[in-house]
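Listed next: structures, encoded as structure tokens.
Both complexes below contain chain A, partnered by chain B and then by chain C.
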Partner chain A sequence: MTLSTALKTGDLSALPSRRDEDWRWTDLRGLLKVLPPASPQGRAWFWENPLSGTLDMTGGVVNGRGPTDLAVDAGEERFVGWRFMSATDATAHGAELWVDVGEGAKLTLIESYEGRGTGYVSDVAVNIRLGKDAIVERIIFADDDADAISVVTADVALAPGAKFAQTVLTSGARRQRIETRVRHPGAHAEVRLDGAYLLDAQRHADLTSVVTHGGLDGVTSQLTKGMVTDQARGVFQGRIVVEKGADQTDARMGHHALILSDKAEIDAKPELLIFADDVSCAHGNTIGALDDEVLFYAEQRGIPEAEAKAMLTVAFVCEVIERIGHEGARDAAAAWVVRKLGSEA
Partner chain B sequence: MAAVKETVETVAALEKYEHGFTTEIDQEFAPKGLSEDIVRFISAKKDEPEWMLEWRLDAYRRWLAMDEPDWAKVSYPPIDYQDTYYYAAPKSKEGPKSLDEVDPELLATYEKLGIPLKEQAVLAGVEGAPRYAVDAVFDSVSVVTTFKKELAQAGVIFCSMSEAIREHPELVRQYLGSVVPTSDNYFACLNSAVFSDGSFVYVPPGVRCPMELSTYFRINAKDSGQFERTLIIADKGAYVSYLEGCTAPMRDENQLHAAVVELVLLDDAEIKYSTVQNWYPGDPETGKGGIYNFVTKRADCRGDRSKVSWTQVETGSAITWKYPSCVLRGEGSSGEFYSIAVTNGHQQADTGTKMIHLGANTRSRIVAKGISAGKSTSTYRGLVSAHPKAKGARNFTQCDSLLIGKDCAAHTVPYIEARNGQSVFEHEATTTRLSDDQLFYCQQRGLSEEESVALLVNGFVKDVLQQLPMEFAVEAQKLVAISLEGSVG
Partner chain C sequence: MLKIQNLHARVEDKPILKGVTLDVPAGEVHAIMGPNGAGKSTLSYVLTGRDGYEVTEGAATLNGEDLLALEPNERAAKGLFLSFQYPLEIPGVPALTFIRTALNAQRRARGEDEIAAPAFLKLAKEKAAALKIDFEMLKRGLNVGFSGGEKKRMEIFQMSMLSPKFLILDETDSGLDIDALKIVSEGVNALRSPERGMLVITHYQRLLDYIKPDKVHVLAAGRIVASGGPELALQLEAEGYDRIVGAAA
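Right after this comes the complex of A and B.
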């Protein structure tokens, strides 16, 4: 049941629906009654990202067409940008990216999802392999069109001692799902999976993750923060699996979200599936509104309500941004958040 | 410290499952299997009016069209619904008029289980000690209900469901199936078709029920299932505390227990519902036998400011599939769920709660503690949702899991759905093992390993035990210790 299968076969019944437990809050079958035609070739545009000038390399994929492989040799250090662009209206395309990071290598990957068309359907599959002691930091800027349907699925496999960190920043789409599946070998490997969603109008974003600990001594830290307003809907599904024998696993998951309107919705399912006894796992989930007293204080100091709300939301989401390791990327992420909230305010 | 000592002594003194005996008693059965005829047979046995039979038949027809749910994290071989007795009752010419007419074998059974059926026996305790009215359900029928007269003086109706259908049809018709509709789920639908006995409670407006009410469910007959139905109505400003206990004999075959419990709360009413579930959990070594406990429990807080509290201690049954829920409809109504689920041997428990906030300023609180040992699996599955109209809704959820041993599993699957901007939801969950440091500390002070585990586990579940009525709390504490017997070393 995937969008990818439906796009390849043209079979609408292959689309996931709310009857599929993992898609209960992100229904595609109910939304897509007809599959749009395949996307034609499209043309790239200038990348409005402050990091674009500092990268070692940029890969551009337009309407599903472009490079599919990224390899970083053992011991190398690379700072790479990868753009997935959707350029046409009401068409569908799929793309793949294979990332192979050699032993001891380091990769900072800035991945962007940009929509210039409207109402497109985009499906991207990313595969990331990390060699022993490799380090990957993946930062995703998702700026899809408000009427788009976009699914990004990443499969990540780590070798012992590897470190994988990810931060997703998204403003949603008509239906958007960013899913990350991590195979965690334990063995002193570390995983950090963070995300922030800022949704307005009728946008929807679904951040789903599955981290499977298969061996001793693994660490996972997860923090997702979100804000929804108007009629937007935020979905967080986090699952941490600790397999039998994966003792001394230390896994933490946090999801905290703000609802700023009575018509907005947040659905969360933070799951722990534990099959080993010597573990320390925890998750926390909070959903609420901005503190009225703090808002009142800000307004009392002469800050208009909308501005005060934006300020407080920036402060709320900041914790996710501060965990980004790459300095340049951190600044770019902070700027992205301010821009999103600024335009909203 | 005294209580812990008591627990430890109990562990040492008792066999693994003390209620596993069978009572040799002359019983009558409905023919094995399930069909419209069986439904008619049960209804006729209970001398039910036509409307009740129609209700059952409608449920049966709906059930035929339903599929058995498979989403819970439990696994068991397919159940042959035609290989079970749906009605089993101790033989008697007519319903006993008083305790003296009840079969002495039955009385002995309840005595052995520690259930006070004789009113004078209950009274003979320490002066001022709390009293309990008991409805004793043996397989498919209610054997006896105590203190009925005294309760009637206060206006409280406490009787078996069959009696309620005969004596108070207007109340039953008004409320039966109004909280858990016939086709709510597969097992509730099956129950609606074949339910036998259960308790019926009605507390009139403004009445605080003068004593604790309790029902004791006992499965005895081989190859039979128990399908009891309980309906409790707390009218405006009423209060009642209700306790439920259950046991079954040790058998190699699995037996089905599919009950439905409906609670109705009107304005300012309060119901406290406590369960100590101690069904036979199956053989700890092989996993053979044990009860399949597939139960639907739901409270409907219809009235403003009504309050319901579910407290459950689960140590028994081979498989538990149970989610006591609260529908918080009335403004300012509140729901609480306190649970301890202990699994050992090959037990599987998928349990939790649903807090559905529909009214403004509704509040809910969930404290769930799961302890897994042996080769067992324990899953907390919960839903907290706030409707757009549930402005000012608040929920706090805490679920902690404790793992003892290498082969057990503990899962936490919470669902949170917030649909308005003025509600606050907090949820936290942890999964850990018993701390080596704490175990070492206890053993260093002279406690054995088993005693240390009992002490630490009692500390872990203390928050929930505190919510139970006194007598139950002591029993529950013992049960927790007994259930974990053999889990160390």
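Right after this comes the complex of A and C.
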């Protein structure tokens, strides 16, 4: 049941629907009654990301066409940008990316989803393999069109001692899902899966993750923060599975969201499935509004209500941004949040 | 300066202010004293425009401008500043960012240019030094983890940065020990000027030993029941509220 299969076969019944437990808040079958035509070739455009000048290399994929492989040899260090551009209106395309990071290598990957067209359907499948002691930090900037349907699914496999860290920044789409599935070997490997979603109008973003701990001594830390306003909808589904024998697993998951309007919605499902003994696992999930008293305090000092809300929202999500390891990426992420909220704070 | 005429206000369905009339000319400091539940904090919230405080009758103007028609941030831009009884903590927003955002929003609202970052920092350093505030504290989340005294000092710092025309101090003495009270009062006194008016709201006379008012008013059950010079505060302290409030009723 995937968008990818539906795009390849033209069979709409392959689309995930609300009957699929893991897709019940991100129904695609009910939304896509007719598959749009395949996207034509499109043209790339200038990348506005502030990091673009500092990268070792950039991969450009337009309407599903472009390079598909990224390899970092053992012991090497790379800072790479990978752009998925959707250039045309009301057409559909799919793309793949295979990332192979060798033993002891280090990769910082800036992955961007950029919508220029409107109402497109985009499906991207990412596979990331980390060798022993490899380090990957993946930062996703998702700037899809408000009428687009966009699905990004990543499968990540770590070797012992590897470290994988991810931060998703998204402003959603008509329907958008960014899913990450991690095969965690334990064995002193570490995973950090973070995200921030800022949704307005009728935008929808779904951050889903599954981390499966299969061995002793694994660490997972997850922090997702979000804000929804107008009639937007945020979905967080985080599942951590600790398989039998994966003792001494240390897993923490947090999801915290702000709802700034009566018609906005958050659906959250944190899950810990533990089949091992002697583990340390915890999750926390909070959903609330901005504090009226704090808002009045800021307004009393002269800050207009909308600006005060933006400032307080920036402050709310900055905890996620601060966890980004790469300094340049951290600054770019902070700038992205400020731009999305139209705040100068 | 600040003129309040026959002001009535309620919170939900409960009338709290029942006809407050008050005139604070520029250059004067007026104290409002009163027992708990008299409507002191309500008066400060009504003047600054907090949600949930509904004016049912009367008027309030600052330099002739109708305050009640304005949003809270517009009232601030006109020069009205409320020092909160319990200043709020804002994690993730450094004090300097908060104050610069406020200052620039006020300047924009008045049609003035925004202040440039270097000029802002220079001003902040001067004002912080004058109030003996460690500049590093201004880079941390506003009021986060501060003691009661530090929070009140941060209110005075904000006042001196924003240089409002009219100050309302709501129970500024609450939660302060004598040393903190002295520092805060010195900060307030430094802001006294012929162009600026102040309304000092307090339950106890003690604060008025440090911030000397020109006039003292007694608010009880939503009305000003007595007005006089500084000696009225001393009389209240000696005789208690019951006697004066009772005599007026």
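Convention: the second predicted complex is superposed on the first by the 342 of 345 C-alpha atoms of A that agree within 3 Å, B and C clash if a C-alpha of one lies under 4 Å from a C-alpha of the other, contacts with A are read in each partner's own complex, and residues count from 1 in each chain.
In the analysis below, a residue touches a chain if its C-beta (ideal position, glycine included) is under 8 Å from a C-beta of that chain, and two chains touch if they have at least 3 such contacts.
What you see is a predicted model; the values in this text were computed from it and never measured.
Enquirer: Have a look at where A:Gly284 lands relative to chain B and chain C in the superposition and call it first, second, both or neither.
Expert: first
Enquirer: Between chain B (first) and chain C (second), which does A:Ala276 come into contact with in this model arrangement: first, second, both, or neither?
Expert: In the superposed model, A:Ala276 contacts chain B only, not chain C.
Enquirer: Contacts for A:Glu305 in the overlay, against chain B (first) and chain C (second): which applies, first, second, both or neither?
Expert: second
Enquirer: Of chain B and chain C, which one touches more residues of chain A?
Expert: B
Enquirer: Kindly classify A:Val294 by the partners it touches after superposition: chain B alone (first), chain C alone (second), both, or neither?
Expert: After superposing on A, A:Val294 lies in contact with chain C but is clear of chain B.
Enquirer: Let me test your reading of the model: by the given contact rule, A:Ser261 touches which partner, first (chain B), second (chain C), both or neither?
Expert: Touch partner of A:Ser261: chain B, not chain C.
Enquirer: Counting only touches as set out at the top, which of chain B and chain C does A:Cys318 meet: first, second, both, neither?
Expert: second
Enquirer: So chain A touches chain B in one structure and chain C in the other; where do those two contact lists coincide?
Expert: Chain A residues touching both partners: none found.
Enquirer: Across the complex, what residues on chain B touch chain A?
Expert: Residues in contact with chain A: 71, 388, 391, 401, 403-433.
Enquirer: Over in the complex, which chain C residues touch chain A? Could you list them?
Expert: Against chain A, chain C makes touches at 48-51, 71-73, 75-77, 81-82, 84, 87-88, 90-93, 97-99, 101-103, 105-106, 109, 141, 158, 162.
Enquirer: Tell me, which parts of chain A touch chain B in their complex?
Expert: Listed in rising order, the residues of chain A that touch chain B are 21, 244, 257, 259-289.
Enquirer: Where on chain A is chain C touching in the complex?
Expert: 291-294, 296-305, 307-308, 311-312, 314-316, 318-319, 344-345
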